[in-house]
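Next, two complexes with chain A in common: one pairs it with chain B, the other with chain C.
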Partner chain A sequence: MSKVNDIYILAAKQISVQPPLTDEWMDAPVSYGKPYVRSIDPDYKLYFEPNAARRLGKILKRALVTSRQVTAAIGDAKLDAIVTATGLGCIENTELFLDTLARKGEMEAMLKPTHFMHSTHNTIGSLIAIDVRCHGYNSTYAHKATSFECALTDVFVQLESNRIQTALVGAHDEMTPTHFTMLKRTGYLGHAVNGFSGEVALSMMLATTPKESTLCRLRGVEVEYCPNDEALRQMLNRLLQRAQCSWEEIDNVMVGVSGQQANDQIYAGICPALFPGKKLLRYKHLFGESYTASGLGIYAAAVCLSQQRIPAHLFVDRESGEQRGVKHILLYNQLEGKNHSFILLSACGK
Partner chain B sequence: MLKKVAITGVGIASALGVGREATLTALRERRTGIAPMRYLNTLHTEFPVGEVKLSNEEMMRALGIPESQATTRTSIMGMVAVREALEHAQIQGKSGLRVALISGTTVGGMDKSEQYYLDFLENDTKNAYIAMHNCGACTEMIADYFGIFSTVQTISTACSSSANAIMLGAMLIADGRADVVVSGGSECLTKFHLNGFNTLMILDREQCKPFDARRAGLNLGEGAAYVVLEAEETLRRRSVKPLCLLSGYANTCDAYHQTTSSPDGEGAYLSMAKALNVAQLAPKDVSYINAHGTGTENNDLSEGRAIQRIFGEEAPPVSSTKSFTGHTTSAAGGVEAVISILALQHNFIPVNLNFASPMPELEFTPAIDETPRTPLRHVLSNSFGFGGNETSLIFSSL
Partner chain C sequence: MEELILQLKQEIINVLNLEDVAPGDIADDAPLFGEGLGLDSIDALELIVLMEKLYGIKLKDPAQGREIFKSIRVMATYIHANRTK
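Right after this comes the complex of A and B.
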C-alpha cells in the first residue's frame, strides 16, 4: 500500500448544553434533571451585526461562530473542504414554513421565502463557505445517527489520499419543542432514564500537517449498516488493521449510551463480547441525545487525549477515578442496532 | 492518479417514464414529460410539472409491497430505480461483494409530513411517518427493500445531492471501502418545495425554456435515478462489461449567495475545470455538455458564462434536459447522469426543447440537433444546488 497522509485534529469548538466554546465540562459538567434541554448560546452580539443575528436561525449562528473559531487553527494554509453533518437540517425554519402551510394553506402572502431558503440541510455548509470565503469541496450528510461518521469518512478518504490537505468538519442539529414532541411519540427522545435530548454545534479542523494546537490524531473511521455480529467484528478489525494499531494498545472505548433503555440494551449485548477488559466511557450524560451527538463524543475524546486525562465522570463504571495518561480512544456508536460506527483517535506522537 | 471507475448499470424513473428504454424513446422522440399537475395535491395547478405518472399504490403493487405499508413517495420511486439499476448490472441477492447505497435527497419524507403535520402535533395516529421525515430514513427504506447493502449513506446538498452521491461512490471505490456502489438520488414533488420555489418567484407557468432569452423560470419535476459503480477488479471478478467510465468529478462551492449564482459563475467554472483536470482531459475533448440549465434567469446566464470561460468560442453542444424531465432537484444529478450515459451509448445529443431566442449575453445557443458533430466520447454533466454547491461529472465511453 502506498504511503498515506496522517490526519490531525487541529482544533474543535462546541456550542451545546455545556458552557459554550470552552472545555469546562471536563471539570465542572452541568447536569440537567429534565428530558429536553436546549444549548447554552453565547452572546451573539459579539459575533454578528444586529441584522444578521435576527435573520439567521440558531443552528446557523452556532455553526458560523464555532466554524470561525476553528478556522484560525490552519494559519495561512488554504481551507480545502467544508463537510457538514446534520440529522435534521435547519428544522426550525422547515417547521415555520410547514406550520404556515398546514394552518394557513398555500397562501403566498403568508409564506416567507427566507424560511424556505434557510430550510435545506446544506444551508449550514454553504453559509459557512460564504462566511470564510471557501470555494473548495462542500458537502452535507444527513443520515440519522451516522451523519457525522459519514462526513468524517468523506474527509478521511480525501485527506489520506492527499486530494485535500485541510478540512472543516461540522456536526449541527437543533431541536425545537415541536420536533421534540414529535420524536417523543416515536420513542427516540424523551423517554431516557437519567438522559435527555440535547442540541449540537461542533466544528472541527482537520489537516494533514500538525500545528502547535493539535489535539490528537484521527486514525480511522468505519460506518456500516445492519452488520451482524461477525460483520461488526470484521469492521473493527478492518479499522485497527488500516490504522496499524493493535487491540492490546487500546484501554478505553467511548460508547453512545444515552439512558434510552431499548438502545442501551443493544450496547449491553454487544460491548462485553466485543470489548472484553476495556474501560467504557460515555459522553451523552453531558451532551444529551441527538442525531449528530457522536460529533460531541469525538470532541470529548479529543480533549481527553490532548489534556492526557479522562475525568471520572466520563467512565460508565463510576467507581473509576480520573485516569492520567491516555494513548488511544476507540469510539463506538449504534442506533437501533442498525447504524453502527467506529472511530479511532490517538494522542499525538503515539 | 485516481482509479477510473466503471459504470455497469443504470435505473431511472422520471416524468419520461420508468426505465432506461422509456427514457431513451422519449428523448429521441422529443416528447417532454412536463404536463399539467395530476398527482400532487396542491392549489397551484397553474404550474406544469414533471411528475412520475404513477400513483404510489401503482408503484407499490409493481414492487410487491402491501399498500398498507407506511412509506414515502421518495422511497418508493427510489426502490423502482434501484431495482432496475441492480438488474441491469446483474447484481442479485447476497453476492459476497461489499455493496453500498448512497442516495441524495432533501425533501425526504416531507410528502407525508406536510400531509400529517397536525396529526404529528396532536395525536399518535401517524407516528410511523414521523420517523420517516428525515432523509436517512428514506434511504434506509430503499435499502431494506433489497437487504444487500452493507453501507448506506445519504447526501443532502439540495439540487446537486445525487451528483455528489455519484462522486462519493467513486471515492469510496478508489479507497477500497466498497466493491460496488449504487449511487444516485430520489426526490418526490411536495407542496413544501413547490410553494418554496414559488415564494422565490422562479417557477415558469409555461414549459420551461432553458438557455432562451425568453426564459421565465423552472418547472419542478420528480424522479429517482441511480448508477452502479465498480472498480475494474470487481468487473473482472464478476465477468461483466461496463457501459462506460466515470472519468472525472469535482465538487466546488460558489460561496456567493444562498439561492443566487455569482454573475461570472465562479463555482460552476471551478467545478467543470477541476472535473476536466481529474479526467486529464482538455476542454476540446468534451463532446457534449448536459447542463444544469434550470431555465431561470440567473442560473442559465451564470452557467452559460462559466461554460464560455472554459470552452471559449468552441463550446461543444450544450443542452438542458430539464426541458424534458423538469427540475428533479435532489434527483437531478442521477437523472442527468443516466441521460448522459444513454447519450454516450446511443451516440446522440439529447436536445434542448422549447428554444427559439438566443440569449444576447452568450456566444452559444443550446443544441437542437440530435446528430453529434463527432462520435460522443466524453460527456460533462453539471448539477448545481442552493448555496452554490456545484458538482460536475464526466462520463467517458470505453
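Right after this comes the complex of A and C.
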C-alpha cells in the first residue's frame, strides 16, 4: 500500500454569533438568552470597496472575508481546490425573489437579476474562486446536516491520495427570519425545548505540508446514514485504525449537543456506551444550531489543540476546570439518529 | 424634468445598492457605464427592469439600452417621452 499524505489544518476563521475573525470565545464567550441570533458581522468596509460589495449578500461577504484570511496561510503556494458546504445556500437572496413572485405578484421578467444570480448554492464557492483567483477543483455539497462532513471527506480523500496539496474548505449558512419562522412552526427551533439557532461562515485551509501557523492535523472522517449500534462502533474503530490511533489516546469527545431536547436525548443514549471514560465537549452552546454547525465544531477543536487547552465552558458536565495539554479530540455529530459522523483531530507532532 | 432626474437618481441608488453615493454625486450628463458611476452589464439588466417596473417602458431590443443609459439626462428624457405610468 502506498504511503498516504498527512493532512494539516493551517488556518481557520469564522464569522458567527461569537465575535468575528477571532478566537475570543475561548476566554470570553458571548451568551444569548434568546432562540434566534444572527451573526456578528465585521465592518465590511474594511474589506471591500463599496462598488465591489454592493451586490453581495451577507453570506457572500462573510464567505469572502473568511476565505481571504485563511488563504494567506499558504503563502505563495497554489490553491488547488475550493470545497464548500452549505445546507441552504444563499437563502436570503432566494427568499427575496421568491417573495417578489409569490407575495407581490410580480412577473418573472420583473425580478431583480442580482438576487436571482446570487441565489444558487454554488454561488458561494464560485465567488470565492473568482476572488482568490483559483481555477482548480470547485465543488459544493448541500446535504443538510452532513453537508460539511461530505465536503471534508471529499477534500480528505483528495489530499491523502496526493491528487491535491492545498484546499480551502468552507461551511456557510445563514438563518433568515422567514426560515426561522418555518422551523419554529415545525417545532424544530424557537421553543424552550430547543437550543438557539445560529449562522455559520467558516473557512479552513487544509494542506499536506505544515506551516508554522498550523492548528492541528486532520486524521480522518467517517460519515454514515442510519448505522445501528454495532455499525456505529465499527465506524469508530475503522476511523481509529486508519489513523493508527488507539482509543486510550483520545483525550476528549466533542459532540453536537445543542439544547434541543429530542436530539440531545439521542446523544445521551449513545455516548455513555460508545465513549466510556471520556469527558464530553460541546460547541453549539457557543455557536447555535444550523445545517453546517459541525464546521464550527471542528474549528473549536482545532483551536483547542493549537492552544493546548480546553476552556471549562466547553465541557458538557460543567464541573470540569480548564484542561491543559490535549493531543487528540474526536468529534461526533448526529442528527435525529440518522446522519452520524466522526472526525478525528490531533495536535501537531502527535 | 429636474424632478424626474432627481427621482431617477434616487431610484438608481436604491436599486443598484450604491452605498455612499448621494443623488448630488451623480452628474446629470456623466456617463453611467465605464467611467462615471462605473456600472456594468448586470446593472444594465437592473436598469431595464427598473424602466419597466416604475415607468412602464419595455425595452425590447437590449441594444437600445446602450443609447438610453448614456447618462441620467438622456435616460430621463427618454422616460419623459415614453412613459406609460
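Note that the second predicted complex is superposed on the first by the 342 of 350 C-alpha atoms of A that agree within 3 Å, B and C clash if a C-alpha of one lies under 4 Å from a C-alpha of the other, contacts with A are read in each partner's own complex, and residues count from 1 in each chain.
The working rule: a contact is a pair of C-beta atoms (placed from the backbone, for glycine too) under 8 Å apart; a residue touches a chain by one contact, two chains touch by 3 or more.
None of the values given here were measured: they were computed from a predicted structure.
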First (chain B), second (chain C), both or neither touched by A:50: second
Touched partner set for A:209, first chain B, second chain C, both or neither: neither
Dominant contact partner of chain A by residue count, chain C or chain B: B
Partner chain(s) touched by A:291 [first = chain B, second = chain C, both, neither]: first
Contacts of A:112 with chain B and chain C, given as first, second, both or neither: both
Partner chain(s) touched by A:157 [first = chain B, second = chain C, both, neither]: first
Contacts of A:125 with chain B and chain C, given as first, second, both or neither: first
Partner chain(s) touched by A:137 [first = chain B, second = chain C, both, neither]: first
Contact residues of chain A, present in both the chain B and the chain C interface: 111-113, 117
Touching residues on chain C, where the partner in the complex is chain A: 15-21, 38, 42, 45-46, 49, 52-53
Interface residues, chain A side, partner chain B - complex: 82, 86-89, 97-99, 101-103, 105-106, 108, 111-113, 116-123, 125-127, 129-130, 133-144, 146-147, 150, 153-154, 157-158, 160-161, 163, 178, 181-183, 185-186, 188, 223-227, 231, 291, 338
Chain A residues within the chain C interface of the complex: 50-51, 53-55, 109-114, 117
Complex contacts: residues of chain B adjacent to chain A: 42-44, 106, 108, 113-114, 117-118, 120-121, 124, 127, 130-131, 133-137, 139-140, 143, 149-158, 164, 168, 171-172, 174-175, 177, 191-193, 195-200, 251-259, 266-267, 270, 385-389
